[in-house]
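Letters A, B, C, D, E and F mark the chains as written, and numbering starts fresh at 1 in each.
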Amino acid sequence: MGMSRDFDLITFGEVMLRLSPRGYERLSSCEVFDKRAGGSELNVAAGAALLGVRTGIITKLPENDLGKYIKNEIRFEGVSDDYLIYDKTSDARLGVYYYEAGAAPRKPSIVYDRKGSSFTSIRLDEIPEDVYGKTRMFHTSGISLALCKETRDTAVELIRRFKKAGALISFDCNYRANLWSEEEARKTILSILPYVDVLFVSEETSRRMMQRTGELRSIMKEYTMEFPIQYVCTTQRTVISPKQHDFTSVIYSSKDDTYYTEEPYKAIDVVDRIGSGDAYVAGALYGLLRYGDARKALEYGNATSSTKNTIPGDLPQSDLREIDRIIRGHKNGSTSELNR
Amino acid sequence: MGMSRDFDLITFGEVMLRLSPRGYERLSSCEVFDKRAGGSELNVAAGAALLGVRTGIITKLPENDLGKYIKNEIRFEGVSDDYLIYDKTSDARLGVYYYEAGAAPRKPSIVYDRKGSSFTSIRLDEIPEDVYGKTRMFHTSGISLALCKETRDTAVELIRRFKKAGALISFDCNYRANLWSEEEARKTILSILPYVDVLFVSEETSRRMMQRTGELRSIMKEYTMEFPIQYVCTTQRTVISPKQHDFTSVIYSSKDDTYYTEEPYKAIDVVDRIGSGDAYVAGALYGLLRYGDARKALEYGNATSSTKNTIPGDLPQSDLREIDRIIRGHKNGSTSELNR
Amino acid sequence: MGMSRDFDLITFGEVMLRLSPRGYERLSSCEVFDKRAGGSELNVAAGAALLGVRTGIITKLPENDLGKYIKNEIRFEGVSDDYLIYDKTSDARLGVYYYEAGAAPRKPSIVYDRKGSSFTSIRLDEIPEDVYGKTRMFHTSGISLALCKETRDTAVELIRRFKKAGALISFDCNYRANLWSEEEARKTILSILPYVDVLFVSEETSRRMMQRTGELRSIMKEYTMEFPIQYVCTTQRTVISPKQHDFTSVIYSSKDDTYYTEEPYKAIDVVDRIGSGDAYVAGALYGLLRYGDARKALEYGNATSSTKNTIPGDLPQSDLREIDRIIRGHKNGSTSELNR
Amino acid sequence: MGMSRDFDLITFGEVMLRLSPRGYERLSSCEVFDKRAGGSELNVAAGAALLGVRTGIITKLPENDLGKYIKNEIRFEGVSDDYLIYDKTSDARLGVYYYEAGAAPRKPSIVYDRKGSSFTSIRLDEIPEDVYGKTRMFHTSGISLALCKETRDTAVELIRRFKKAGALISFDCNYRANLWSEEEARKTILSILPYVDVLFVSEETSRRMMQRTGELRSIMKEYTMEFPIQYVCTTQRTVISPKQHDFTSVIYSSKDDTYYTEEPYKAIDVVDRIGSGDAYVAGALYGLLRYGDARKALEYGNATSSTKNTIPGDLPQSDLREIDRIIRGHKNGSTSELNR
Amino acid sequence: MGMSRDFDLITFGEVMLRLSPRGYERLSSCEVFDKRAGGSELNVAAGAALLGVRTGIITKLPENDLGKYIKNEIRFEGVSDDYLIYDKTSDARLGVYYYEAGAAPRKPSIVYDRKGSSFTSIRLDEIPEDVYGKTRMFHTSGISLALCKETRDTAVELIRRFKKAGALISFDCNYRANLWSEEEARKTILSILPYVDVLFVSEETSRRMMQRTGELRSIMKEYTMEFPIQYVCTTQRTVISPKQHDFTSVIYSSKDDTYYTEEPYKAIDVVDRIGSGDAYVAGALYGLLRYGDARKALEYGNATSSTKNTIPGDLPQSDLREIDRIIRGHKNGSTSELNR
Amino acid sequence: MGMSRDFDLITFGEVMLRLSPRGYERLSSCEVFDKRAGGSELNVAAGAALLGVRTGIITKLPENDLGKYIKNEIRFEGVSDDYLIYDKTSDARLGVYYYEAGAAPRKPSIVYDRKGSSFTSIRLDEIPEDVYGKTRMFHTSGISLALCKETRDTAVELIRRFKKAGALISFDCNYRANLWSEEEARKTILSILPYVDVLFVSEETSRRMMQRTGELRSIMKEYTMEFPIQYVCTTQRTVISPKQHDFTSVIYSSKDDTYYTEEPYKAIDVVDRIGSGDAYVAGALYGLLRYGDARKALEYGNATSSTKNTIPGDLPQSDLREIDRIIRGHKNGSTSELNR
């Protein structure tokens, strides 16, 4: 899938500072925050980079010590920092979100403080012209469309330009009710679907925000009939408790008119659920970029997402060797209890 | 329930320093202690304060840096420090208890070091005369009766004076075999039941220490027939493992001769079980003080207790917004997996 | 000084979340933030409360878990939460600042992220009318004037109303070049000096922003000749290294036309310099409120400020017993090396 | 079982530095390592010492700060440091292993860095001649045979000399495929079985490395028919998830031709699985050394192993009082939820 | 000095739990305590053990997890646990002290909570009869005399019995005004000086509590003229700031009527001052036990005490190799800046 | 200085895992290690990268989780991972060193465990042929020559090939007596000096290992007369205490036959001295690569080295903005005490 270029995957989105109490401590009383980087499109780029995909991210950071921290983390994750833009204005700020883990019957919770972040001031003319021809695939999500007018306009235009330059377009709906209305989201997303090759959309989002009805499989196929979409991917998470989930997904491939599925990963020990959807995207795109194969996309996506749940922080940390071992374990049943 | 006063609830009891190893480390080898405040009657006052009840505590603290720490924590929790008494003698000391978490098949364990604490020297004449008319309700527990003669005499006389001044009396049996004998406990508690309006007593305590027989519901009703008690509350905890409990309760209301119950909270992720009984009292008293309604008492008590299990430390940390959300989730089933 | 009221001191100002790396770790690479509360006017209220002054703060906080944290810390510090206002809008946010310690030749550094915080939306009509008659003294600083038009208008009007209601007015210039220009600052401050009883101003601010010339003592006296100011307080810090300072101050009292001074505290071990200026204000106001005596103000201010430098975080933690011991040690030379 | 001597049990084996990330953090990104001591034969000696057995260990450590740390830990655990040998060469090094916890579907993993450690240079003539007559029992494991020629020769000769001096010989196969081949292991182990009194061997090792076939019970008995072995012990672990195991064992006693078994410990909360096999050996040997009774060996072994799973680190931390309480709980069902 | 025995040095004294905030955090607000063991006579035994002296301690501990922790630490330090006595009563408790570091102008401070500890119930008949003949030297301090009548009687009788059995007696006045009056101390100490061979006494204690006058050297010599004391050791500490001290000492040897002195250690970086006096005793006794030489005693005492100031906790951690290196550096000036 | 290429600076050397106790804790008793990456030539590359130089490193890492960690840190630091070589053999290991901070009179100390690390197996044919033409400058140090024959041969041949390909050669003698003898070092270094353009050598190394005599300035100039060296750089550190140093340097430039010097940085607060020599190299090379100017080299080298002392870990963390600010402060005297 795709041709030879400098990058396999370039993503576009906001990177935030994530602050969380340790263990089960709470935002309103904890004494210490674990400090991490996070953001849907960085999570995708980092997850794919860990599997061997050459990735970069287009984002905008404040030119201060916090922006420098994010840049360092992006590099630590193996993602290129070639397309980072720095905000040197006195209003420059890094968006922050506060995340607190849950324990039944108490759910995890998030407080966002991202309004007016440097990313929301990004403009197309800040992005180097030469980026469009450099990558086999471009990915962004509904969050970048939702944040504000500037990011929406930029994201839509990026999709157009990358498409025009021959890149495949991947899009994750990632609908967030606290960022925009269902109507606004639907309208905007419908306007970009003509450019999309790989679509990630949850069943709930298809039904509520996208107002689709009928069986899940029909809904998935419909997208490819209305738009020139090649793959529609829908994850299926069963929340047993905040600390235990089951996970699998369905991928519909229009080329061979086939629905790909596999047995769910059962009884996942959920250490940190945030970013597991993005890890799915990373794994699935790896399958498509490396093998051009929906079954591989399914297997890698299910494995990377399941495994991400066991990792603290937004960002995945599993390389190809680990994911391959987990896929083997999932298929064959485990033979050992410890990797020595 | 009750009239308008400065406080809704004043409690009486010892506040201790609680020291515990991190995670699953052990008292005999850990290098660091997490330092917290705890004590049954403070836990009740703090839990109620979080829900919006105006609470205070009568206790006695050493006038040193540790006493100051406890005072600060009491205020941090939203409880009034108006009725703190300071021990300025050279024998002043803060009681300590050491708590170690369990993991099946190893149970949690506690080492107490509270003998001769400043609280055990509290005398009635140290307590300001004007406190009796200031609150709608007074609460204490069997621990205050058990510690020593001074605290017993003070507690009994406080019950009498608050009752006389028109406050409702809440009492939690909270029987601790390491503090007094069953016979001594029974005799003392029987002597105060004539003053009690709201009684908290576990089934095991009713049967063993209080020597009641027959069905639980009959036992609960009997208390209200022998004494002018309005509500008898009995919690029902099922210990699946040190890390997983189910929880519900029964409240018998003598006024309408009704037993209130609801479906248990299932598969609670137990992070720290200490203080969950006190959190129940806090929630139930909130239901009575705010709504004068046994069903509300039941729902709030079950929710505050279940949720406390997920919080490190003795003290609850859930405000009304969180508890209301958890009650809704319990009644309707959860609709989302994350509070954004 | 002043009459009998519910409060001795009410302050007005922003409270922020302060995040700092541990030890000498850096913002751009640390893994963990120590989480604290801070803000000039809270620091003053907390420092005074520790000495026994009844204090409160007027401020505005987001109604989320972070606002709740700040409220709890305000109470922990012994400051009243009676005048906290909550921002329930979806734009509600808590200002944040990031602080990194220095080590010669590297200076400490701060990154502010306070734009658009809930405090900046505070309006006079949100503040209860009855507050004006409740306190003997009101204090605010140049930061509250500088943040934005809303806070400036509110601060100026508060000064007028408290003055009218008979409270003494304390004002700390606290000029911050990153918040406003010297001209804007000078003009605004000149407009409020007619209301001020106690003025805190550094020599550098007097000379640069206030454009005064001549000897320091003349400058200090001039303020009291141009305006009905009773006391002018100017601190004198000598920075030997980021980890070692000397400190003293001068107070000019117009009533007896006297300059009060004392020997500097030498070789202070600077653990955390932030908030030591506010601690000075707290100590000096304590001297005035309790004794109405400029010498006491000087001695308490110098001691509280010197001691604050040894405490991590913005907020002082020294009670009257400790400060009195330090004053004695400063006057007499130490006799012991350890407080047992 | 055995006669009166200075020691009840002396073991021989390598002690390593164990470094592990906290919680679920990962080797490739964590910032901090928890530092502990570990090694199969030390784990056995320490576990037995906790139960009251007088134990020592023969090992070789670098004469540097890390060797000193290990010596201190050996003493902390209650094991004698009489037979520690120090490597003063410039090549002296302490073996290290890195351990990362798992969470389903991700398994725990270990990176070894023990090549060329000081222990691998141990020679028989470094060990004091008088040790052989000082103990009732000697224990070592297949790891000591596998590490290198020096340790193998030394271990084999130690077995012979202790046997000759009248000590009982305990041996744990502990087969590690990353250290030696099945063939080499089988050949070496067969050569020492004529000296062994107590044999620990897993079912999988019996079948694969030892090439036994048939029912487990027959396999166990066969060892005692081919060699003068008194007891064969085989543990039975069921891995439900990385965080939950069931555990029991079978002991075959040739003297009374009996298979001892008991109900498994169910739903063990696995905090740290490493060393639970060694803890089993410690408990079983305690049963034999103290009571000479295979049922006691079974009960103590099952209890110490199950409990070890709940303890962070390689080394057990449960004394006799705790283990006896757990055995009572296992037999009778728990009566309380907390040890007060 | 002394004959061949099992032990070189046995000490008698209380061991406590020491709890301290991290860094410059404070008792009244810190969240975490570092947990350590401490006590003057354990500090002496541990310091001497590190230098190669065979040491033990006679003390009494509660038979609970905290007593077990102290036992483990005693062993970790290389001190024998042969003479530990366990308190199995329900009143058993471990004494605690809370220590907070200082920073100029704020001094370090300590809160004791040791009343009624298990040690205060120690009786002579609990101590094995055979201990008296087992050691070359016995050491205790004024703290053991001061705690209560039981410990005083026991300490005095131990001094008599060890002396009678041929051991040398070492005694450190260690006067603590918060434990007993000067008069009581003087009377008691005078009653034991006839048994003492090595006396540690500060100049201040000689002058105030012991009511000696004149030059320090005359005072020191007088002790040996009034009593059959061989060595009088007086430390000389200059407190530049809580974080910087100078240190040296004088030893008077009656045998050769000589005062031994050396240049002070200058500009010691004081990390934790507690226990540095005990470390001095350890070093000096090592010099006497190993070399019978007052100059060696002086050099080792000065080095161990100076170095202890740089170590967190009460207990020294410097072995002979390190102390020898520090003595060489002190004598010759340093030649390198780093030990590689 | 130099022509346009992909990289400005490529270095060659070993990267190790650095483990150190927190604060003043000790290797022999600490519970936790801070985990960092370090190694002289990485430190140089990272320091230069922070200033804006495009750098890479040639090194060899084990293909395991620890090698992955080092790779991530290399990227985090802004250094290219293009020339990392992975050791896939079963003997692969990462060198480790343990570092403990000092406090007067106790020096910092290091325990090395680097024998047989993957780096010591590096061979020239593993390094891509195309690297030689890609950089303007190549740097290595005496450590790479000293480790073993493989690394020496590789380093010498790299110097030759880079030189031949037109790169400038920078070499830091960095003599370590624990790695090789003075004679071996001298002989080897003399053999490469004909290729060197920039030489870093301390005065002590010049005198002892290199056996030079006379005044320092003459010694420096002699090197350039015997070999075609352009710049000789010698640092001058004055160790006041483990926590306070003064620092400056001399650079001799043969082109203009000039010695460049400046006033020392005084009273540097030494947080972590390791790597400050490498930071000097980084700063000096930046001055040469960016400006081709010895004065700039001197100023940047002195500033980066002084500042590195204030940073925990081997690796510098100061970017150009910070270093420029520190140079200004050094030249002009500070004007503010805090960077806001």
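Definition applied: a residue touches a chain if its C-beta (ideal position, glycine included) is under 8 Å from a C-beta of that chain, and two chains touch if they have at least 3 such contacts.
What you are looking at is a predicted structure, and each value in this text was computed from that prediction instead of being measured.
When the contact pairs of A-F are matched by residue number against B-C, A-B or B-E, more than half turn up again in B-C.
Counting the residue numbers used at the interface between chain B and chain C, over half appear in both copies, so the two copies meet with largely the same residues.
Farthest from chain F in terms of Cα centroid separation is B.
A centroid comparison over C-alpha atoms places E as the chain most distant from chain A. For the pair chain C and chain D, the distance between C-alpha centroids works out to 62 Å. Averaged C-alpha coordinates give centres for chain A and chain D that are 45 Å from one another.
Averaging C-alpha coordinates per chain places the centre of chain D 40 Å away from that of chain E. Multi-chain contact residues of chain F, defined as those touching 2 or more other chains: 23, 26, 28-29, 31, 68, 72, 76, 109, 178. On chain B, the positions that touch chain A within their shared complex are 23, 76, 265, 267-269, 271-272, 303, 306-307, 309-312, 317-318, 322, 326, 329-330, 334, 336-340. The touching residues of chain B, when paired with chain E in their complex, are 19, 26-35, 64-66, 68-69, 72, 90-91, 93-94, 96, 98, 100, 109, 111, 113, 115-116, 178.
Residues of chain E touching chain C in their complex: 23-26, 28-29, 102-110, 112, 176-178, 237, 239, 241-243, 273. Only residues 68, 72-73, 75-78, 319 of chain F touch chain A when the two sit together in their complex.
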